[in-house]
Amino acid sequence: GTSKTSGDGEKKTLRVVTDAAYAPFEYQDKGEVVGFDIDFVKAVAKEAGYPVKVENVGWDPVFIEIEGKTADIAISAITITPKRLQTYDFTVPYFLSKNEILVPKGSPIKSAKDLEGKKIAVQNGTTGQEAVEKLFGENNDKLKKFENNNLAILELKKGGVDAVVADNTVVETYVKNNPNDNLVFIEDDGTFEKEFYGLLLPKGSKLKADLDKAVNKLLENGTYEKLYEKWFKIKPDIKILKEQQ
Amino acid sequence: MIEVKNLKKSFGTNEVLKDINVTVKPQEVVVVIGPSGSGKSTFLRCINMLETITGGHVFIDRTDLMDKKTDINKLRSEVGMVFQQFNLFPHKKVIENIMLAPMKVRKLSAETARVKGLELLRKVGLVDKAEAYPDSLSGGQKQRAAIARALAMEPSIMLFDEPTSALDPEMVGEVLEVMKQLAREGMTMVVVTHEMGFAKEVGDRVLFMDGGLIVEENTPKELFDNPQEERTKAFLSKVL
Amino acid sequence: MIEVKNLKKSFGTNEVLKDINVTVKPQEVVVVIGPSGSGKSTFLRCINMLETITGGHVFIDRTDLMDKKTDINKLRSEVGMVFQQFNLFPHKKVIENIMLAPMKVRKLSAETARVKGLELLRKVGLVDKAEAYPDSLSGGQKQRAAIARALAMEPSIMLFDEPTSALDPEMVGEVLEVMKQLAREGMTMVVVTHEMGFAKEVGDRVLFMDGGLIVEENTPKELFDNPQEERTKAFLSKVL
Amino acid sequence: MDFRWDLIVEYAPLFLKGTLLTIGLSVAGILIGAVLGLLIGLGKMMRKKLWALPFRWYINFFRGTPFMVQILLIHFAVVPAFLDTTNGILAAILALSLNSAAYVSEIFRAGIQSINRGQMEAARSLGMTHGQAMRYVILPQAFKRMIPPLGNEFIVLIKDSSLAALIAVPELMYWGRAMQGQYMRAWEPYLTATVIYLVLTLSLSSLLSLLEKRLATE
Amino acid sequence: MDFRWDLIVEYAPLFLKGTLLTIGLSVAGILIGAVLGLLIGLGKMMRKKLWALPFRWYINFFRGTPFMVQILLIHFAVVPAFLDTTNGILAAILALSLNSAAYVSEIFRAGIQSINRGQMEAARSLGMTHGQAMRYVILPQAFKRMIPPLGNEFIVLIKDSSLAALIAVPELMYWGRAMQGQYMRAWEPYLTATVIYLVLTLSLSSLLSLLEKRLATE
């Protein structure tokens, strides 16, 4: 069901895929797929004039679906990376992020360097994984790659690893929402670089122009800010997003 | 009726029938005896084309079984066969066992087939078991039902492969009785059996097989009382 | 030797043995005949405690099988049993089949057991098959090996349950020969069989069982030639 | 350990929905699989070895690889090749059907082979053709013997269908994983799923053994 | 479609490592499972129904629930309850062993039941105790018949072990997924894994049928 815009007339429903295991961006609440990304992509599509249907498919499948053009858009807190750009297109960035470390309270790990020799859980195929592999080598023995971030965090909670590396917003939200788990997050701006999320599109997608325009519109007309505040209770730094374009 | 010429049959390298020559005349009752493994069953099975013949020829009513043009299924229905293990169809009632082939092969109507089936069951003394399933019958009853089933195709020849040797001794008699009656009615029969009493009473000829060959043949009386060949003597001394 | 008093055996609600009373004297050969399902096998199996008795008593050498204190395994080794289906141990050579129980139960050394086993094999005419596996033997050879195996425990009583009815006719003789020899040597034997020749030649007594009861008993000659009971007559007329 | 019953209560409607889908997937799988399996079984039994080869390889493939690989390949490669989009439910049914077809074909073969050779010979000796003998004598008996193993295959499918969670088909396991993800707890979601699976498979298998007894005494 | 052989070459050492771990897990699973299975089989065959009940339920549980649930429960719930940490390899071996034990116990029971009753009777009538008859007569024959189904169970374990990838045990499927995650390509990793699984299971099953023929003629 890829988009076939029939020239002028009615626009076809876009299939948006996501991995709803990355709160607060996209997650399941009693079976409902919700989150900042979900609200955002709906707003973008509305702005661009497309009806959308959001489907939870899982993280690895997101990329397979987009590469195979079986879905039109993926939104899943996906960082725009040079490597991904070889195979996919992205819209202009819509979110600023960076990786962060999640550890139990009282852990000796205080920075990324302390992760050396420690067991780390990451989500397979994420920038968190890449960051750790850049530090300690690809496919090294101490790294456990899970299918989604929830399993990685569960592994940490159950004592199977010493740390999880994932996006800061996700890590911090988790720490805040689960005080009983006694987890803390550790920032390391020296090691973890700024990342920008974009909507993932198939290479050469005809939607890119429309969507870019729509994203920019939302950034400018205050819709983005409203959504951002609803989900994160703070104001976004729109300037840095615009600079990145 | 049956003419077997230079019949040969091998399983792989194992030559089971070496060179069999027999003629069975209409209404004749031929009894085949011989030690285990001598090829008696294989011989019968070749006559009924349940085995593909390796060499030689078998003629039934002058039709060559080996001829490509021969309709084997039609010919086979001319030859009834009764097995040691009965081989009744367990999912069908006795009467249905008997009706099946006439209906499917001869295309009789169910009614005609049933009337005929009941008649045959009467003949073998099993009318009251028409609606029973084979599993509820005793061995002797099963074998009689199997004979009725074979007769339903109105064969001109009946082959029996040790029809009584899977039976409890007290049931042997009832089956032999049915067979004797058939013989008296003039059915052409080839019977593999070790029931010497039967052979003497109704057999016209006895063939003694050993090692894939017919070693000796004669009237029952002559063969049992006055065997010529050493192997026949040895065998009879053990069995009688 | 064996005393069976008011023996009863039921499977569930099916009363298979109703009230059996028999005494077998030392060196006696008792033949049991009767229609299928009359309880002959069950009777033998009760004597050997292969079935748990429902009522009554069985004494072997004056020891009550039902007595809690009786060592059943020891008593069982006093009673040899030969089955219709041979039941040789297929994973062991013939000689090992014979040596196993003497070594494990009687704790004989392998050597002693072997010497004795070979002697028994000589007796049943199978020394040359000592190192063969059961599957390579003919039916008659298997049954003779099974007899040798039972004899290896030096039983004072031997039970035979239709020992020749799974055999090809030409092999029946060799097994009966071994059994006759045993009888002549004075072994106490209870034999379920339909071999009338054997019964007449070595049987001291014949029991006719039907419906879980001993209907008639007599010497073979009297019972076969002059049966008293209707049921016996009916059975014999079918079998003889 | 504190066991949060409230979470289970909260997720109950979803588990119910998931259970229904699990049953639906398995039923579809066994039905389509049975039909396909018969055809493949017939194909494999063909006299000409060369013609039978593709069927043989079909069976080898589906019996020789993990169901996880099969469902992923079918979901991401096979279905999109035809539909131009993925479709989890379709892929799950396809994977279950194709997989069970391989096993059913073996059940079918075993069923036919379990019928005594004498049956075919008796039928042939009455003048029936091979086809008639198959149709009226062999197959009716074989089908009866196939019922219990087909029932077992159905149970296998119920369990295998849990892998559909990996392609986000909202069946039972999917909701277990969703609950795990939402509340980061292991015991509650997985035990709930376990119990439901147990109820499904055990009630099915006791039904089966009842049926088997019926068939045996008939 | 362009098929990137170079990626496969690059990941070849990891696939090799993964294959070895897959084999290792399955071997450990079948060995421990066989021993446990014997014990559970014996337990289930106990005369006292009440004592046999726990074994019966063990078998029901492991045969009645998806292996995915089992491995997740064991990894995230059971092992941590004892060790206070997770251990993927341990959990995988445990899950495979406990699961296969349930199936082995049935193989064991079937093996014993397949031995003709007459064997036990012959042994008892020679004066052997039940234990002696079991040990010298029944079990040696039963074990021989258990070899082929145990081989099949081994093949099942090879396939089931692929689910260990979900708990990040670096076996074959894990590296397939890792490759997929790294290069965002689906075909190369999954097809490679498929081929390796096929090689493992098919060579094992042809070995098995050889063995079966040997045993049959012996």
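By written order: A, B, C, D and E. Residues from 1 in each chain.
Everything that follows uses one rule, which is that a residue touches a chain if its C-beta (ideal position, glycine included) is under 8 Å from a C-beta of that chain, and two chains touch if they have at least 3 such contacts.
Just so we're clear, the structure is a prediction, and the values are computed from it rather than from any experiment.
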Q. Among the other chains, which touch subunit A and subunit B together?
A. D
Q: Considering only mean CA positions as chain centres, point out the chain farthest from subunit D.
A: C
Q) Using mean CA coordinates as chain centres, what's the subunit B-subunit E distance in Å? A) 52
Q. What is the distance in Å between the mean C-alpha positions of subunit A and subunit D?
A. 37
**Q.** Whole-Å gap separating subunit A and subunit C, where each centre is the average of the chain's CA atoms
**A.** 83
(Q) Measuring centre to centre with CA averages, how many angstrom lie between subunit C and subunit E? (A) 46
**Q.** Shared interface positions of subunit E, touching two or more other chains
**A.** 76, 80, 186
Q.
By the touch rule stated above, which residues of subunit A touch at least two different other chains?
A. 64, 68, 147, 151, 154, 158
(Q) Going by the touch definition at the top, which pairs of chains touch each other? (A) A-D, A-E, B-C, B-D, C-E, D-E
Q. What residues of subunit E sit close enough to touch subunit D in their complex?
A. 60-61, 63-69, 72-73, 76-77, 80-81, 155, 159-160, 162-163, 165, 173, 176, 186-187, 190-191, 193-194, 197-198, 201-202, 205
Q | Partner subunit E, residues of subunit C touching it in the complex | A | 45, 48, 50, 73-74, 76-77, 79-81, 83, 85, 87-91, 100-101, 104-106, 146, 149-150, 153
**Q.** In the complex with subunit B, residue positions of subunit D that touch it
**A.** 116, 118-119, 121-129, 132, 136-137, 140-141, 144
Q) subunit E touches which residues of subunit A in the complex? A) 60, 63-64, 67-68, 84, 87-88, 121, 124-126, 129, 138-139, 144-147, 151, 154-155, 158-161
Q) Given the complex with subunit A, which residues does subunit D contribute to the contact? A) 10-11, 13-14, 17, 75-76, 80, 84-86, 88, 166-168, 170, 175, 178, 180-182, 184, 186
